[in-house]
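Residue numbering begins at 1 within each chain, and the chains themselves are lettered A, B and C in the order written.
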Amino acid sequence: MYVTILENQLEKIKDDLLDYSNETSERITKSVEGFINEDVYRSKGIIEETNKINKKSEEIEYGCLKILGLQQPVAKDLRLGAAILRTSTELERINLLAAYVARYSIDSLKKNSNFFKPIHITLMSHTVQNMLKDGVGSLISEDIQLLKRSTKNFVSLQDFYNQMFMEYGEDKTSNSSMHSILVARSLLSMGHHIMGMDDRIAYSIIGKRIMHHKVFYNVLMR
Amino acid sequence: MPYRIKVQDLNVYFGESHILKDINININNNMVTALIGPSGCGKSTFIRTLNRMNDSISTFKKDGSVLLDGEDIYESNVDVVDLRKKVGMVFQKPNPFPKSIFDNVAYGLKIHGESDKDVLANKVEESLRAAALWDEVKDKLEMSALGLSGGQQQRLCIARTIAVEPEVILMDEPCSALDPISTTKIEDLIHKLKDDYTIIIVTHNMQQATRVSKYTAFFLNGEIVESGLTDKLFIEPEDKRTEDYITGRFG
Amino acid sequence: MNRIISPKISQKIMKSIFWGSGILTILLLVMIIGYVLINGLPVINFEFLFSDPIDSGRAGGIFPMIVSTIYVTFVALIVAIPLGVGGAVYLAEYAGESNLVKAIRFGSETLASIPSIVFGLFGYAFFVIYLGLGFCVLSGGLTLALMALPTILRTAEVSIEAVPRSYTEGSLALGANKWQTIYEVVLPAAIPGIITGIILGMARAIEETAAILYTVGAALTVPVSIFDPARPLPLHLYTLATEGISMPNAYGTAAVLVILILVITIVTNALVDRYTKKMMGR
């Protein structure tokens, strides 16, 4: 079957985006593990790598601009280009947040070590990664069901955070709690960024705006 | 009047061939409407129906109505000459007459009875200015029009059409025989003209449609599959066939 | 399959053959004209051109013959041009493709190939005898008109059909009706071709001897009214030569005829050329 130049270029940039997303996902894992296992070495590595990893975002953005400007795509292809740009930006932010998590890890060990880390953090980490996999996956495969799963997961993410805050957040005396909250906060922010990109991916796939207001209000109004 | 041209349930046949099927479309005033679609799907036939140029084909038959300012142009009391004064046409390949530049632009006026030299001269200058051609030809109005370049000839044809003061201008792929620079000039001209005229342009070039038009209609196999605001049609098309066509997945 | 001759060589050979044909044609033309002029020019002087023949042409001039030629040709064209061009416009623009139209075209083409003597006999039987016009300029002119007509008709029709349809469409789109379009756009564009057709028709008329023989009489005087008999140049030439009246004068007549045709051809070509340049801007 004949594949156009545009399709070729879109495939390539989707692949690049997928790689970027996978690397980001790994960094989330590592940064959280670094916190849980008190692995300073690992955390430092995360921070140092940040710029290198985020170079990919620039490459993806440049590739998108080329496609948009030189191929002048319309309709689905155009919306896809826009979604990729947006996703790439969000991944950039998420990578930075992972570096923050690593930073909090290192800070927490200066005062304390061997303190209790709530299981919610690990659960949140897994949820975020699932959201990311499903979100980017839906962009690559144009599967709206994956996208729905990704956004639904935000509710769980928020729930984990709320629970954790209720159980451990009130305890102002404990230093370890503060760092756990900060890490959880970062993970929640990652969730926000993924929600942002999910909105654009939804528009790209179906051509209508379905901002996930409902989910937000659900979550905020509880 | 909200719509300049209202086409209702139009069906066009050439003998046994059913060329246009149940066409319904409204053309808005002072706007550019683009007609896109693969070759041979009826776009040219459609616009030629709007100024009754199809009348000269003996096998032409039609059903449905074409209303210009509320009146059906195919009524028996309609003067075709008058209709064509109101609805002008610019063709794909520039077709200036083998006459001088002046005579080309003045042609329409002369055949409608104008003979006053001053009136003609004024109108010719006015039209050539409106077509952004005056400065290039003002010193050689007596020269044969066939000595102009392709882009200039097409602007001349536009000037010639404007000279009879039409209300609607039909353009059948006006730039397809021209180089990119001439094409840009004509597109700029269309942009200028739309404030005073209602323009319908058939084009194969989708970027041209997106550049110049406010509304677009997508023709496929003699039917209009989708029509609406150009922005919407090209960014969020509703029909899959439209999407496949404009993204180049077929045609 | 092996080439016997290489493409390069065969190219050179063909080019020489074509070149040679061209040269040969021009050579023949020069020879004929040259022969006539060499033998005829010495006879031509002011007296020859402007005085009447004396003693049946043994001496004197050929003034009446020149006048006859112009007169008869003029009558022929007055009749043939409107009919030919008008018919061509009808066939090209108004008629469909009915069997009648096909028959008209076929008839016209056939007519163009009928030997001139047949026209002459018809002219004699119809114009001279049946219509009672007698031997005169009118009879001759009408007969020649019949001969020139098919040529003019066919050439004009082809020229009109050759006018690009885009001109017609452009004119109609501006609101012109069919007649305006034909008159203002199509005919002017077809003029060069039509004129060529007229020249061809006119050439046929001027050089005609056989058809003239039976219709125009044998007068030695200047024809004044169209009912006067006349003697155009080819006829005079024929008479002088075959009846052995005067070979030198025959050559002289021939020379005048040749020069006349040359001048007409050159002038008309130049005019058509200028017209075309003006129209086409080149």
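Things worth noting here:
Here is the rule we go by: contacts are C-beta pairs under 8 Å (C-beta built on N, C-alpha and C of every residue); 3 or more make two chains touch, one makes a residue touch a chain.
Because the structure is predicted, anything quoted here is derived from the model rather than measured.
Nearest to the overall CA centre, using the mean of each chain's CA atoms, is chain B. No other two chains have as many C-beta pairs in contact as B-C. Here the spacing of subunit B and subunit C, counted between their Cα centres, is 47 Å. In this assembly, the C-alpha centroid of subunit A lies 93 Å from the C-alpha centroid of subunit C.
As a whole-number value, the distance joining the C-alpha centres of subunit A and subunit B reads 52 Å.
The multi-chain contact residues of subunit C, meaning those touching 2 or more other chains, do not exist; every residue touches at most one other chain. By the touch rule above, subunit B contacts subunit A in their complex via residues 206-207, 210, 234-238, 242-243, 246-248. Contacts from subunit C toward subunit B in the complex involve residues 164, 166-167, 169-177, 180, 184-185, 188-189, 278-282. Considering their complex, residues 4, 6, 72-79, 207-208 of subunit A touch subunit B. On subunit B, the positions that touch subunit C within their shared complex are 51, 53, 56, 80-85, 88-89, 91, 93, 95-99, 107-108, 110-112, 143-148, 157, 160-161, 164.
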